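There are two complexes below, and they share chain A, which is joined by chain B in the first and by chain C in the second.
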Partner chain A sequence: MIRRMLAADSAAAVMALIGVFVIFSSINSRFLSSLNINGIVVSASISAITGLGMTLIIAMRALDLSVGSIMGLSAIVVAELLSAGEPLLLVIPIGLLVGVGLGLFNGLLIVLLRLPSFVATLATLSMILGMELLITHGETVTIHNGVLNRMVTGSIGYHMPAAAAVAAVVFGTVGLIFYRTPFGRHVVAIGGDIRAAIGAGINVTRVTIGAFVLVGVCAALSGLMAGAELQNADSTIGAGAELTAIAVVVVGGTSLTGGRGNLFGTICASVLLAAIKAGLNVVNVSSLYEDLVFGSILIVALMVDGLRRGTRRKGMLVV
Partner chain B sequence: MDDKGEAVVCATGMRKRFDGVEVLHGVDLQLWPAEVHALVGENGAGKSTIINLLSGRLRPDGGQIEFRGAPVEFRNPLAARRAGISVIAQELEVVPTLSIVENVFLGVEPTRHFLIRWAEARRRVVEVLDELGVHATPDRIVGTMSIADQQLVEIAKAIVGQFRVLIMDEPTSALNLAETERLFKIVRRLRAAGVAILYVSHRLWEVFDLADRVTVLRDGRKRLTSEIVLTDVDSVIHAMLGDKSSLIVGADVPRREAPSIGQATAPALELEAVDSGEVLRDISLNVRPGEVIGLAGVLGSGRTELLEAVYGLRTIDKGTMKLSGVPTKLTEPKEAIRHRAFLLPEDRKLEGIFAHLDVHENVILGFDPANDEAGQPAVAGVDEQAAASRRRRGLAPIQAQAERRAFDAMRKMLSIRCSGPYDRITTLSGGNQQKALFARAALSHPRVLFLSEPTRGVDVGAKEEIYSAIDAFARRGIAVVVSSSELGELLRLAGRIYVLRAGRIVAQVAAETTGEGDILKLMAG
Partner chain C sequence: MRFKELEVAGGAPEDKRVSRPIGLAAWLSVHTKIRRDRSGVWILNVVILIFLAFAAPNFFRVGNIEAVLNDTAILGIGAAGMTVLIIAGAFDLSVTAIMGLAPIVALLVAGNTGGVLIVLVSVMSGAALGIVNGLVVTRGRVAPFVATLGTLFVFGSVGAIISKGNALTVTNGLLLQLGSGAVLEVIPYSFLIMLGVCGLCYVLLRRLQIGRWVRAAGSNLRAAHVNGIDLHTVYLGMFVVSGALTGLAGIILTGYLASADATQAPNYNLNAIAAVVVGGTSLAGGEGTLLGTVLASWLFAVVNNGLVLLGVNSYWQYLATGVILILALSLGLLGAGGTLWRRAGAPTLFSAIGQEDEASGNAANAATAPADE
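Right, the complex of A and B next:
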């Protein structure tokens, strides 16, 4: 029975999300305050956007560890250009292009050198961090741009920040790409059975590069938003974000073994993790416990994934 | 497409070399529209090579392939598929995590403005599934379906691709009788629709049931092409085997007379009226120490299941199983191993070798330093407890020198060809990988050895070496059970052969007095 409930991929994340809201709001009603909800939504949107891209990568049975550093670099590039007086309308596309370029680089590394994505992106993570330090000389660059800030934190009504709208648009776009374009289905096919994918004539090289470009753009957008929210940028933006991104994908019900992806679950899990973070703060648990809690959640999510796969494999005795 | 005289595929003089060795010596093959053309031959006769040439997986080294009247050269499988040649491989090429409709249209999705038109795709899939008699919604995840249904998904894939030629490689190997019947109906319907079908099979009764024409290959040459009504089973078998039967009975092959060690002792393995699962019924057999017995039967006859049952991978529901005279009930392979029974599986890559380890590691996994005269397994009287306690396991220190000696002895005895013990096992040829597995088994001092298709994927030269290794095992007093789809192999190795059909043993024959043809007939029933 429990297994059947878990088998609905995102059910676990949705149930946990409801539970978290009920528990925290009953402990302290401040949890549901407009300010707190706003904070949750902004932070959830930022991690969800990268998470959506990461969902494709994991569905393809790959990993991208460089998303956090891509976030940082795009935020820094945007901050530097804005302080140099470039117009916002030019700066935002350039920030996103940073993501395209780095995603392309990752993709090429993986297909040309036949590196496992895990290793290739671990290397680029380090390289990109180095670039960030070279650009900023290890200092923080402030972002003085009210418009950019409002594009993330400004209200769009119903106590919702603009970041939610951005995330919704990305969700719609990535959803369309994932479920309704050949590219999206080919990503899943590669993750499900690469031999069959090749047999069906899928251009694995092109699809792989495409997926890494997509996650690169998503990460760049997340970084841009994170910088806009903080109103400054340095190499700490996006630090550890790759783990958050992987966590929201897995907690959202996408299996690390590839072959399927659940974008809605990723959104739910992003809100879940943001809510837990804010909730711990509201109930006065030291933020020092945050990582410990997140790690435990990830373990639970991986256990659930294992159980779920166990159910699927049943009946197909592996001899 | 409807003119019978016009061949869809006309291949002439197809040649193919692998590593300088020619395996296909100029074969002609014509496929006509609306015919089922059977391609038969023993393993290694060149059937798969022909499939791979026609489907763009390999390029010919000589000869020409004409498709619908024009010479073609397919650069890859996709090009062949686009042209209308579809292959249903033995190993299915479906993505288990995708739905039926996603699989059927994978790579050929109907789109408008970059978006897949799922509604249209579903509609077409429903039509095709209906036609094929599959009762499933298009959104069913393929991995949850039976192998037979997954195969039909592949056929559906071919149908929506508007193919003219369908190549089916042993399509019934994983199917039961009802599923086979259903597949035959579909094949006949496709034929009626004008499709040319190249049907590759071991099973002669299928060929005579289904095909319009048959081509027989032996040793990379075409030996026979005939209308099916103008030939008979005996002629086809003769074309398949040639004069090989006399070679087998030839004097150069040492025949095993009744083994001397075995006679007095109890059978190493004995089954009495065993039933297992839905497949095996009333199986009785025995094998004495030092004896080699063979299991013959078409794929699906229960051969594999029988090996799985005696190895603890299937439960025995009725009847008794005795190992060395002791009634035994196995629930896990671990227990079989404790009784010194070992199985060498047919799929080495999946179940046998450790691909990331070197040859040495792969071999000495089974090493037992308690008996450091490697390759001299004691037949009886080994203190099993003591031996087991000293086996390489846990934190016990590895006895590197003893291991190295054992490995070298095995390498010599089985002539495992590698440049050194630290070669990765995957760099070895199939035959040498198999020998490494034999070595591993030998180091574990088996009493009973179960071999499933011991020479699958092994080249001809290595085959004979593997046969000698098996002979050597038997001389050491090990009871060997060989299950194989190659009858020549069984006749070469075994003293007695049990023939299985539909889960029952239908005959027990002595290898000396029986030919391949007789056994084939028994297998087909």
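Right, the complex of A and C next:
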């Protein structure tokens, strides 16, 4: 049992998570206060939702660098529409549609122009950021909507914020899609060996576009929630989130070589990242150290992972 | 050794039998030595420069050219190192952090001494950070993308910690000269340094034994390993080169800004990768040119500068960057003989990190058959 748990892809994230909780709560019990836990869960939910979509993309041996920009644009669109007086019930779907549209655009660039996903989404990262700035003129748009804010930070009992429920629903949906539908298996097949997938008659074009639309929606939802939590939106929402999302997925035990994905690990890694941030704050360490701790965990987890598997040929590198 | 074969596999010769070339891209590919997948950056450069000549004639003013060349150099020096790494089939995402950290270390260690020493310390600390990257990749056996993603967080954090999140001011005259001085007020020193750097990288890639190893490792890692290439040395060495060049670019940027800040070059990693890719270097590794990278750096600098001259809102430059990236990669492949929208033939292949073309397919086949020496 224990051996099986240690051999799981997500073992590193789970152990680091337990370690972080034990260390911080033994230094300062305020770490386990409901306010702090609430903060951790909200921020973890936001990064986990993008991470779940990104897990699919990485399982497909692709990358989406534009998720950060999609987050920002959806938050900004929602903020602008709300300040124009549109009803919330209309605005939220529009925010998500932004993600659908941008994901579709990414997917079409990749399959029609045959650009590598890295390059195509690098281009859209920049283009979407430009759109954000053109809409906001570099200014911050305030979101005056208590309902939207409560949909993220409001309590749903058991000291849990509503964001946890949203993340759970997304986890369930993406999990169903990934583990229980032909689409999910096709994603994994493409990531494992694209030639074999084509040979097996998988419609690579359709699956690719579908996966990018899915990650687009996830990112848009994250951005919407980030905006709702902050109660304002500007182009800094989601800035750099693409690399954080990739890091979260990788710490969660999903390999960039594709062919497998671990959604549970992604969730654990998101909580880990949020717990490190909140924990350093609780024990009065400057927030400048956040990235140091998280980056070190990322490197150590991967090095341990490489040693633990030990299947790689001696001297051979993973590039 | 079978490097010849690998090279052929890496740079499959263009089919010159295109009977009726249609369009500029096809014409270029037939009548010049520029390969199709690298012609995009040339076309865009020509088109944009002609456009600017009519729309914004003061682009060609001496002072403006100097500013553009300076921007080119700051991106180009780091991108040259990134080109070498991408040809080797690796990435360095941590350059953003090294750009900030190396100058900070240099100013803290040698801030009161001469300017030359500051530059040297910055380059050395960049190289040291490159060693860290290289060791994580080779000894820790972590894929470069994620290894340098980790060190991006770590180095960035260290830079912020030792500078306490503040910017350090630069007063050293030589450093300020390095950042904004120019020969005859046209050619900035930084641009000359970039040319020197690219020359060295060219020698490294094309004239030294290790350059063959780099290209061999990039085009097919397994084949390179089977052939007995010391991959550890190659990758460690290339990360050191990239780190040192980034340290150099960082100190030049510091001189230009007259201050050193841990976040002084946001998105430098992605911009450098974009410049490399626009310059026609394949993300799959194994082939690429430094000239393309320099032209792409120049192109980005020209576009950003041109948009300002045209009086367009500077936010458009982000959109322009994305459009250039897409255009540069697809322009050369359009039209007759191109691979875009050619319905018949092999199914679409694409992968995350690089474009899987027939060349790498051949190389993969070569790898499965062990070398008979």
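Definition applied: the second predicted complex is superposed on the first by the 296 of 319 C-alpha atoms of A that agree within 3 Å, B and C clash if a C-alpha of one lies under 4 Å from a C-alpha of the other, contacts with A are read in each partner's own complex, and residues count from 1 in each chain.
We adopt the following convention: a residue touches a chain if its C-beta (ideal position, glycine included) is under 8 Å from a C-beta of that chain, and two chains touch if they have at least 3 such contacts.
Predicted model only: the values in this text are computed from it and were never measured.
Legend: residue contacts after superposition of the two complexes on their common chain; A:R195 is shown touching both chain B and chain C.
After overlaying the two complexes on the shared chain, residue contacts for A:V166 are found with neither chain B nor chain C.
In the superposition on chain A, A:L109 makes contact with chain C only, while chain B stays out of contact range. Look at A:L298: by the touch rule set out above, it reaches chain C but stays clear of chain B. By the document's definition of touching, of the two partners only chain B reaches A:R260; chain C does not.
By the touch criterion defined above, A:A120 reaches chain C but does not reach chain B.
Judged by the number of chain A residues each one touches, C leads among chain B and chain C. With the contact threshold set out at the top, residues 195, 258, 312, 319 of chain A are in contact with chain B in one structure and with chain C in the other.
Chain C makes touch with chain A in their complex at residues 89-90, 93, 136-138, 140-147, 149-154, 156-158, 160-161, 164-165, 217, 221-222, 225, 231-232, 235, 270, 273-274, 277, 283, 285, 313, 315-323, 325-326, 329-330, 333, 339-340, 347-356. Residue ranges of chain A in contact with chain B, taken from their complex: 176, 180-182, 185-186, 188-189, 191-193, 195-197, 199-202, 258-260, 312, 319. For chain B in complex with chain A, the residues that touch the partner chain are 76-78, 81-82, 89, 92-98, 102, 106-109, 111, 114-116, 118, 143-144, 157, 308, 313, 351.
Per the touch definition, chain A reaches chain C in the complex via residues 58, 60-63, 65, 109-111, 113-120, 122-131, 133-134, 137-138, 194-195, 198, 204-205, 208, 243, 246-247, 250, 256-258, 286, 288-292, 294-296, 298-299, 302-303, 306-307, 312-313, 315-319.
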